[in-house]
Amino acid sequence: MRDYITSYLNSSGTPGEAGNIFWITVYILLIFAGVAAGVICMNWLERKIMAHMQVRLGPMRVGPHGLLQPFADALKLLLKEDLMPEQADSVVYHLAPLLVVVVAFTVFIVVPFGPSHAVTDMNIGLLFMLGVSSMAVLGIVMAGWASNSHYPLLGALRSSAQMVSYEVAMGMAVLTAVLMTSLHGGGIYGVGGAQESGTGTLSMIGIVQAQAGQHVWFIFKFFPLGLVSFVIFAIAMVAETNRAPFDLPEAESELTAGFHTEYSGFRWSLFFLAEYAAMIAVSSIAVTLWLGGWLRPFPNWHGPQVAIPGFWQAGSSNGVVDLILAMAPVVAFVGLGGLCFLGAWRMAKNPLFRIQMLGLAAFGALLALVGLICVVPAVRDRVQDIFWFVAKVAVSMYLYIWYRSTFPRYRFDQLMKVGWKVLLPIAIGVLLATATLGVVIQAVMAA
Amino acid sequence: MSPTNPIPAFDLKEKTYLDSNELIINMGPQHPATHGVLRVILKLDGEKVLGLECVIGYLHRGVEKIAENRTYAMFNPYVDRMDYVAAVSNGLGYCEAVEKLLHTEAPPRAKYIRVILTELNRIASHQLWLGTHALDIGALTPLFYTFRDREEILKIYEKYCGARLTTHAFRIGGLQYEAYDGFQKEVKAFCDFFEPKIDEYEELLTTNRIWIDRTRGVGTISAKDCIALGVTGPVLRASGVKWDLRKAQPYCGYQEFDFEIPTGENGDTYDRYLVRMAEMRQSLRILRQAVDRVPDGPIMAKIPKVLKPPSGEVYHSIEAPKGELGYFIVSDGSTQPYRIRVRPPSFVNLQALELMVRGQLVADVIAVIGTLDIVLGEIDR
Amino acid sequence: MPEESNPGVPPQPEAAKPAETAPAEETKPAVTPLSAEVKAAPPPAAAPAVPAKPATPPAASPAAPKPAVSPKPATPAPAPWDSELVTRLKAHYGSAIQEALTYAGQNYFVVEKGIVRELLERLRDDDKFDYCVDVTAVHYPKREKAFDLIYVLYSFPNNVRIRIKTQVADGEKVPSVVALWPTANWLEREVYDMFGIQFEGHPDLKRILMPDGWKGFPLRKDYGITQQDKEWVQINVGIESAQ
Amino acid sequence: MTPVATPFFFYLLAGLALLGGVLVITRRNPVHSALALILTLLALAGIYLMLYAPFVAGVQIILYVGGIMVLFLFVIMLVDVGRAEKEARFNKQWVVGVVASLALGMLFVSAYVKGKALFPERLARLAEESNTQEIAKFLYGDYLLAFEVASLLLLVAMIGAVVMAKKRV
C-alpha cells in the first residue's frame, strides 16, 4: 500500500496517466478545495477591488478589512430558506444547479497546473474542456425554464443564444492556438531557436510543452496573429461566463437576476460557485493556450550562472534570471504578508480594534510563513509551476473585475452582432492566416 | 396589486401552441430599473417590444387635495415631496406662483440665492439621473462617482437650511434664512471642484463604445412628437428645440445671467445624455455669475403674516431639471388655496415612453425609462 | 436686481408678456421657435426689461400692482384683455366667447363648452398654439355648472401662453382633445380620475392615479380629505381602514 | 491507463442510454423528453470513450449536448408546454414507425449474427495517443470528397433554414 502511494512521487506524469487511484483522489480533492478557495478569494477581491475603483471601501466589518465576509455570506446562504415557486418543475428545478456545479468543477480534471500537476492528461483535453463547459448552458436553460417565471425564462433564452454563439468564435480562436502547436520552428515567427518537431495536440499539457519547445508563448507567436486570437478568446470567454459587459442573462436592471431570479439560499450559492469556477476554468484555458501555462515569464533572458551551495545549483539554462524568478512566490507571499502587517499597523489604536488587528497580523504572518516555506528548495521546485499558472489566472480574473466596473452592458442584438459579425470572421481569418503562414514558413525553412 | 387592475389593452388573439409565445411581462412596480414604483406592462415578441402600458399611481398621496386643506405657507413643504430629487425647484415654482398671486416679488438678494440653490439642485438632479441611468445600462461606476460629488451639494444645503433632500429652502416672499457665512465661497469652491468631475464622468461614458452603442439611435423622438406629446426639458432640447423657460419666459431674474441652451440633433438617448451633461456645465456657469453678484438687502418681501391672496387664478411655470413644472393656483380670497394644480414634467414626459420604445428591445425600455429622468413622486403626486 | 430700485416698474417677466402678445400677433406671424429666446435674453449687465418696455401698449399690465412690495393693492381683479387675437376670435364666435380677461399678466378666455373643441383646434392650427401645457379642472359645487375646465396652451413660435376656461356641469360630456394633442391623453384621464368629468372620444378613458375600482372622485369639493373607498380598501389592501 | 471494470461501465452506460431513449418517447413534457435525450447522448459519449474514440466522444458532447440540444430546448421553451402536453402523443404514423424500427432491429440482429464474418479482426483499434490525428487523416485524406459533400449538404440546409425563417419576419 505504501509503495503504491509513494511510487507515484517518482513518476513524471500525471496521476491519471500513472493510473494511481489514490493520487487521483488526492488531486481531485486538492483541486476542489483550491477552486473553492479561489472562488472565496474572488468574492472578497471582487468586492474590494470594485469598491476601490468606485471610491468606496467595500466590506469592512466582518473581520479585518472584511476578510471574513465571504464566510459570513456563505453561512448566511446556507441558513437561508430554500424556496421554490409553486408551479415550478421540481425535478428540473433541483437538477439545474447541480448540473451547473458538476460541469464547472469537472473541467478542472485536465487543467495543467504544472507538467505533472493535473488529475490527468487527456489526448483530447482541450476538446473535453470546451465540451464539458459548453454543458453549463444546459443547467442555465433548465434553471430558467423550470422556474416557471418570465424573467428567468428570458434570461435563459438570452443565455443559451449567447453561449452557443460565442462558442463558435471561441472555438475558432482555440483552433488557432492548437494549430500553432503543430509548428516546428521556435521563436516568434518560427524561424529561430530549436527546430523541434511539433505534431499538434489537443492535450492541455502538450500545448504548454509545445510553447516551451518553441520558446515562445502563443500570444506572441506570429505576431499579431497569436495576439488577435487571444483577444478574441478573451472577449468570448467573458461572454461565455455571462460576465459584464456581456452579463445579459443576469442583467439586474432588465431581468432582475435573470435565470437564477427564483433561486435562493444554498441553490443560489451553487450558481454563484459555478459562475466563478467557470471563470477560473476559461481563464485557465486562456492561460494554457496563449500565456504559456505554467511556464515562467522571460524564458529568453539570460544571466550569468551562479551557484549557492545547498540552495541553487549552477547549470540552469538562464542562470541568475532563473534564480530571481524562482524567488517570485516567496516575494509575492511575503509581500502580501507585509501588506497585512502594514494594514494592522495602520489600524486605529483602539481596544475595540484589537482582535481585528491581531487577526490581520496573524493572517499576514500566515502568508509570510507560506512565502518562507517556498524558499525551501524541495518545495520551491514543486510550487514554481503552480505559482506561475495561478498568477496568470489571477491576472485574467482581475480583468474580469475591471471590465465589470468599467463597461456598460451590451444589448442583446449588439451582442449577437459582435459575436457573429465581428469576432467570428476575424477568428476565421486569423485561423486561415496562421495555417498559411505556418505552411509557408516551414516550406521555406525546409528549403 | 389589486384584482381590479387593468387587463392590458393588447389584442391577445387565439394562438396555436406552435406559435412562439408573446410574453406579457410585468415590469415593476418593484423592479430595479423603473426608478420607483412605476409598473410597465410589456408585450414582447421574444425581446422585441410590441407595446406597453404604464400603470402609475402607486405613490399617489393626494398632494393636490392636501393643498386645498392647508394654508399657503403650510403647503410649502409638501411640494418638496413631489420631485424629491429636485425639491428646491419645486419650492421655487410654488413660491413664485403664490407670490404672483399675491402680486409681490422676492427681493433681489433672495432671488440670487434662489437661483444659486436652484442651479445647484439642477446639478444634483442631473447627477442622480446620470448615476442611475448609467447603472440601468450596466455601468456601475458612474453611480458612485455622481453620488460622491452630489454629496458636496447636499452639504451646502445642509449648512444652509439643515435639510439635505427635501430642503424647504424658500418661503413665500423670499427666504427664511440668510445665507450662512462663507456660502458664496463654498459654492464657488464647489464650482471649481465639480468642473473636472464632469470631465471624469464624460471620460467614463461619452466615448465609450458600448455606451454609444447602447444609447445612440435608442428611444429616438422627433421635435414634432415632443411638442405634440408636451414633452419638455432636456428631452425636448435633445430633439433640437432650443427652448428653455429660463430664457423664453425668464423668472427669478434668470434674464440677468449669461448662459446657453444646449440642444441635440437626433433626439436619441445619447443626445439627451450630452444635453444633460452640457446643462450641468451651463448651471456651473450661472452659479459662477450668481455668486459673484449676490446683492445686499433684505431676503423677504414685505408680506403679511397671514397670507390671503386676492381671489383670482394664476399659472406659473419654471424650468425644473426635468422640464416645465407648472403650478395653477386658484384663490378664493381665503387663507387656503381653493385649488392647486401641479403640472409635473415627469408625468407628461412619461407618456412619450410608448412611442419611444415601440419596436425596440427590452433593454431599450430600461435605457429609455432612464433617459426620461422620471421621478415617481412627481408623477403620482 | 435693479428693477427693485424703481418701484414704478412692474415685475419684468410678467409685464413683458401681455406687451409682447399683441405685437407678436400682428407683426411677426411666422417667427421661428428660437425668437423667443432671442427676445428674452438681454446681456447680463444690462438694465432689465430692455426690449419689452418701450413697446408697452396702453392695455398692458393693468393688473400689475403699483408698488411691487405691497401685497394689497386696490383689490386686483381680472381686467378685459384686448388684442388682435381676441377681436378676431370674438368676431368669429360672437357671444360664445364669454370673456377675454387678463389677470396678473396672464391672459385667458372664458368660452362656452360647445365651441371648446373647435376653438382649440383653431388656436392650434391658425395661431400656432402647438403645445398643450395642461388640462385641469376646478370644482365649484355651488355653481349651476359645477366645473371649470381649463386648458393651458403655449405657442412655441410666439412665446405666448394663454388659458381657455369653460364651464361644465356635472355629468356633462366634454369633447376630448387627444386627437389635437396626444399629451392630453393622460391629462384628461387625470381630470376624469379626480373630478369625474367624462371626455367624449378619449381613446382609453379610465382612472390613472387612483386604483381602477375606486369609487368617488377625490378632488371634488364634497369629497372629504379623509374620505376613502372603504370597500375597496378592505377588499384589496386587507385592512379595515387606510386612515 | 489500463481499463477498469469495463463490463460494469458498458452495462451502466448502455442501460442509461436505453433508459434515456425510453424516457424521450414516454415523457409528456417535451422539456423532460429533451433532457432524457441529453442523457442518452451523454451515455453514448461515454461508450465512445470506452471504444477508444475520445475525439468522437468530445465532439458528441460539444455538438449534440452543448449545441444542438440547447437549441432544441430553446425552441421547446418558447412552445406552450401546457397545451403540448394535452395533445395526443403518438400520431397516426405509428405503422410506419413500427416498420422502420423492425427493419432497424433486423439490421442489428443480422449484423450481430454475421458480425464475425464481416469484421474478422473484431475491432480496429486506433492508437489512443493519436486518435485525433488519425481521424483527421481519414477525413481529409481518404474520405475528403465525402466530407466535402457532407459539409456542402449542411451548408445548403443552413441556407434553407435561414430563407425559411426570413419569410416570417
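Labels for the chains are A, B, C and D, by order of writing; each one numbers its residues from 1.
What we mean here is this: a residue touches a chain if its C-beta (ideal position, glycine included) is under 8 Å from a C-beta of that chain, and two chains touch if they have at least 3 such contacts.
The model shown is predicted, which means the values in this text are computed figures rather than measured ones.
A.B. asks: Taking the mean of all protein CA atoms as the centre, name the chain whose own CA mean is closest to it.
C.D. replies: Centre-most chain by C-alpha means: B.
A.B. asks: Any idea which two chains share the most contacting C-beta pairs?
C.D. replies: That would be the chain pair B-C.
A.B. asks: Where the CA atoms of chain C average out and where those of chain D average out, how many Å apart are those spots?
C.D. replies: Here the centre of chain D sits 74 Å away from the centre of chain C.
A.B. asks: So what's the Cα centroid distance for chain A and chain D, whole Å?
C.D. replies: Taking the mean C-alpha position of each chain, the two centres sit 32 Å apart.
A.B. asks: From the mean C-alpha coordinate of chain A to that of chain B, what's the distance rounded to whole Å?
C.D. replies: 46
A.B. asks: Between chain A and chain C, what is the gap in Å from one C-alpha centre to the other?
C.D. replies: Using C-alpha averages as centres, the distance is 66 Å.
A.B. asks: Two or more other chains in contact with one residue: find those residues in chain A.
C.D. replies: In chain A, the residues touching two or more other chains are 153, 157.
A.B. asks: Give the residues of chain C touching no fewer than two other chains, as numbers and ranges.
C.D. replies: In chain C, no residue touches at least two other chains, as defined above.
A.B. asks: Two-or-more-chain contact residues of chain B, please, as numbers and ranges.
C.D. replies: none
A.B. asks: Residue numbers of chain C touching chain B in their complex, please.
C.D. replies: Answer in residue numbers: 1-2, 4, 11-14, 17, 33-34, 36-37, 40-44, 48, 63-65, 68-73, 75-78, 103-106, 130-134, 136, 138-139, 150, 152, 156, 159, 161, 163, 181-183, 185-187, 194, 204, 206-213, 218-219, 221, 223, 225, 232, 235-236.
A.B. asks: Inside the complex, what are the residues of chain B that reach chain C?
C.D. replies: That would be residues 2-6, 9, 56-57, 60, 62, 64-66, 68-69, 100-105, 107-108, 111-112, 227-231, 241-244, 247-251, 253, 255-258, 261, 289, 295, 297, 301-304, 309-310, 312-315, 317, 324, 326, 328, 330, 338-339, 341, 343, 347-348, 350-351, 380-381 of chain B.
A.B. asks: With touch defined as at the start, can you tell me which chain D residues reach chain A in the complex?
C.D. replies: 1-2, 29, 31-32, 35, 38, 54-55, 57-59, 61-62, 65-67, 69-71, 73-74, 77-78, 128-133
A.B. asks: Using the touch definition up top, name the residues of chain A that touch chain D in the complex.
C.D. replies: These residues of chain A touch chain D: 16-19, 89, 91-92, 95, 120, 122-124, 127-128, 130-132, 134-135, 137-138, 141-142, 144-145, 153, 156-157, 160-161, 163-164, 167, 199-200, 202.
A.B. asks: Okay, in this complex, where on chain A does chain B touch?
C.D. replies: Counting only chain A, the residues touching chain B are 50, 53-56, 150-151, 153-154, 157-158, 244-245, 247-248, 251-256, 404-414.
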